[in-house]
Amino acid sequence: MAEARQNDPRATLLASAPLRMGLAAGLTGFIHANGWRIRAHDHWVDHDEEYYFTRIVWEFPDDISSIEVRERVDASLSKDQQLTWQLWFDNQPTRIAVFVTREMAHLYEMAMHCISGLWHAEIAMVISNREDLRAETERFNLMFHHIPITEANKAEQENKQLRLLQAENIDLVVLARYMQIVTDKLIGPFQNRIINIHHSMLPAFAGAKPYHQAYKRGVKLIGATSHYVSEELDAGPIIAQDVAPVTHRKSVEELVQIGRQLETRVLARATKLHVEHRVIAVSGRTVVFD
Amino acid sequence: MAEARQNDPRATLLASAPLRMGLAAGLTGFIHANGWRIRAHDHWVDHDEEYYFTRIVWEFPDDISSIEVRERVDASLSKDQQLTWQLWFDNQPTRIAVFVTREMAHLYEMAMHCISGLWHAEIAMVISNREDLRAETERFNLMFHHIPITEANKAEQENKQLRLLQAENIDLVVLARYMQIVTDKLIGPFQNRIINIHHSMLPAFAGAKPYHQAYKRGVKLIGATSHYVSEELDAGPIIAQDVAPVTHRKSVEELVQIGRQLETRVLARATKLHVEHRVIAVSGRTVVFD
Amino acid sequence: MAEARQNDPRATLLASAPLRMGLAAGLTGFIHANGWRIRAHDHWVDHDEEYYFTRIVWEFPDDISSIEVRERVDASLSKDQQLTWQLWFDNQPTRIAVFVTREMAHLYEMAMHCISGLWHAEIAMVISNREDLRAETERFNLMFHHIPITEANKAEQENKQLRLLQAENIDLVVLARYMQIVTDKLIGPFQNRIINIHHSMLPAFAGAKPYHQAYKRGVKLIGATSHYVSEELDAGPIIAQDVAPVTHRKSVEELVQIGRQLETRVLARATKLHVEHRVIAVSGRTVVFD
Amino acid sequence: MAEARQNDPRATLLASAPLRMGLAAGLTGFIHANGWRIRAHDHWVDHDEEYYFTRIVWEFPDDISSIEVRERVDASLSKDQQLTWQLWFDNQPTRIAVFVTREMAHLYEMAMHCISGLWHAEIAMVISNREDLRAETERFNLMFHHIPITEANKAEQENKQLRLLQAENIDLVVLARYMQIVTDKLIGPFQNRIINIHHSMLPAFAGAKPYHQAYKRGVKLIGATSHYVSEELDAGPIIAQDVAPVTHRKSVEELVQIGRQLETRVLARATKLHVEHRVIAVSGRTVVFD
């Protein structure tokens, strides 16, 4: 994690609640009262909805265990019925399951960030509906699970996926151009914990072959959108978006390539924001403390 | 025009034709044979369609009139039945009609570029369906025509617009948030000479209030697209596009404002490209020699 | 101002102080205690320096005058010796003096934002060392002061400038390509209230003709930086920066033009941030609540 | 290579010469006369220097060897004393030597592009002055050469590097945060074939710890520049540049991280442009046919 440069362990709290007096003071006061040192503190108030969102990072001495810190936070915050909160510790890296089919770029990008320590995360497993990326996965000493999906076995295979995710205490699922639609069976237990990436054009093109359509309209920008997966296809809360400029000189194949590289970058940005506990999803959109 | 810094007059040729041997050599050879000096020469070949597009800018001595240059070009190029070409001279600024309703930002932007000489163009008239911008138009000593449109009088009023455009030898119509749909009556005679601007989001939002929808989805980018007007609404050849980054902190009103300023910038960019004769529209897309 | 869409008057507070318990709660508590409604509240803590920065916008009923609001704020906050604060009301637009020489683009941009009401500001005067922009200034019904500067009269003429600024209660000076160096005589009384713009390249080019040098190195980006003016030339706190992409196809003249348009955009962005009271300058850098 | 989607082999020619009549027609005429099919053809004329630059890609039937194509090109073009040209075939991937020290991100990025076939290139070896990245290199089954450098042995070790590069027919050297200065001994034989990356700020900061200086000035953009290595340090022809936006919220450590990721992206972009034979370096700048 970017901020974790000190020796002392760190905790990160994401919290939200209906706005009311003393809310922020209560949270920071509790941390101060324990003698802990706040290292980052951001907030946002939705003044239309009168709702408060915050992210607080603090250091605590290493003679207290993270279990005890969690107990103290729980004892203090659970009294507040209206407060929704989550707590993480930097001695517990985010455990990621990457779902792939044939594209290897996302896997390389994420493996590099995890292995180098740039992300406070580890790829606990790679799940694929095909065998294509087994060798590439094993290159990074990662576990590869081949779970082929047919129309007939989809429900059963998703159960298998779910059992694997739960057995390995997966925190986050990243769909890295996994060419299958994920259903409620996974979305339910992993609400706002499955990240997807898809291309997006200005204007949008309905139907098949979006890059062919984009070429035919002569678009000057190719876009990509990364979002949490919701039950409505490609309509979940957006985490990150970006575009790349293109010209009439680019062929359809080059547009596809430019789009793919952009998607890798945007998916990595969204995953990093999630892994650093900077994202709160609420009412179909995200608050991103960047 | 950016390149017109020399004292000698300049001609700009845009041409396209089915690709064949000797095409480029013929064009540049003709210019050299006249003793004229090429200042810029760009081309693009669509190798799938086997089609050639080029833009050539040259200087000629001021003891030859632009009429004579045109005659020589005409005599040389008109022999080639397959060649489509257009020729402009920098002693003839592009004459622009700006269609407005209530937004003044585009008018200021374009007035500044024309008055300062940055664009080789002049605003020959402002046409509006409302009176709102009369004073702002007259501030720049520009002609303001109020042509109110109702369902009943639309056909008749479009005839009036067309007569004005033709009487004043208008080269280019810029729809600067003109809140009326322009019909075939104008589009026909001004094919690829009417530029429009509209917002565009990733993903696109169908229906009304796109900024409200964009806010609700928590988009991280606001976009704008400028294009030539075609008979199908908002589906003409795209000239320029850009995006502006936004965050959850921005209200709907702020998104609208950010979008408006982006639109001003993108419309100005598209108009500049047209005024500098850098755009060839073909088969629903544009070749932009930037 | 983007947020001022309600009918009730608004106040904006920028404040900073050494970090300590209860600081934020004290500020928001005071506003709540008066029964006023917070519309925006952002903060940033510099955890290395243990320093707190905040921006709070609130609405108050129009049966209280802004004078009374200021008195209550003053009574409450002035007790705190360590707190630095500033307060603005949206019935008092920021009064801007624009210093120009020959370039008119910035003037058009700012006039448009002020006249349209997009910025909560007014151009109270234009000061120039030359006569060139008198007509353009008067086009917008703005006061134009010609104050020519020579080596001999510089001190005296700066006194004259200062008297004008003070007589007209100027809040902000914008140097819009004013081709004179401003000295301590103005910088002193207008600390962090004079905004300048200059080009900036990657890499930087020392000496004269930076665009010629940039062309010769074949830079792919042209940059612009807007900052508060400090006594060390071009070294004041940076407010906004941006770049524009360029290619080998652009001549020196085109690079200059692209740079100028970028500068207009970046200077407008910086001025808007200041006018919306979003910037706190501290220790040579800025905290920008965007 | 982006364009190499057809089954027929392809040749890419980069050529430049003093501008004169018939130059372009001669080149394309020669290709047509052989019955080969042009797939991409771009050019640029420096009208100030009267110099012509071009890139032509064509397909030829697979019953002709690339050796024979080269002989025909050589026979045709070598008659022209003033023409400088280079020819590549897509059955001969660019052989890259990557020089590293401790940073692994560039290696992952380049390995992914080469292994996936996205780049028409192969990493023939990794050279390092340290052992740190041996395991990461071998993960991709690449040859790792540890060549430690001291002040005493630098000349001798550079000879060793040079022998390795020549023995393995290296086309391109990429300095991927190699923490040693490369001298004329390598630059001479690899003129415009050594690519480097470095951070660049607006404004530039002389001396040590540029990110600390950037933080202290509160820059809003972090930049990176990739260029060919010339004898003057960091002054070679620029190939690609980009920036990333930052805010006051980012610590020095985060600025460093953002800079590193940007550098990875810009170095990859520059290397891709070189590998696709899109870059001609001339007089200290580059012509990039993108």
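Think of it as A, B, C and D in the order they're written, each chain with its own count starting at 1.
Criterion: a residue touches a chain if its C-beta (ideal position, glycine included) is under 8 Å from a C-beta of that chain, and two chains touch if they have at least 3 such contacts.
No experiment lies behind these values; they were computed from the predicted model shown.
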Result of counting contacting C-beta pairs for B-C and A-C, higher pair: B-C
Fraction-based call for subunit B against subunit A, same above half, different below: same
CA centroid of subunit A to CA centroid of subunit C, Å: 37
Gap in Å, rounded to a whole number, between the CA centres of subunit B and subunit A: 42
Interchain centroid distance [CA atoms averaged], subunit B/subunit C, Å: 34
Junction residues of subunit B, two or more chains touched: 42, 44, 249, 251, 290
In the complex with subunit A, residue positions of subunit C that touch it: 21-22, 24-25, 28-29, 32, 38-45, 47, 245
Residue ranges of subunit A touching subunit D (in the complex, touch as defined): 2-3, 5, 42, 104-105, 108-109, 111-112, 115-116, 118, 136, 139-140, 249, 251, 253-254, 257, 265, 290
Footprint of subunit C on subunit D - complex, ascending: 44, 48, 200-204, 215-221, 223, 225, 234-235, 237-243, 247-249, 251, 283-288, 290
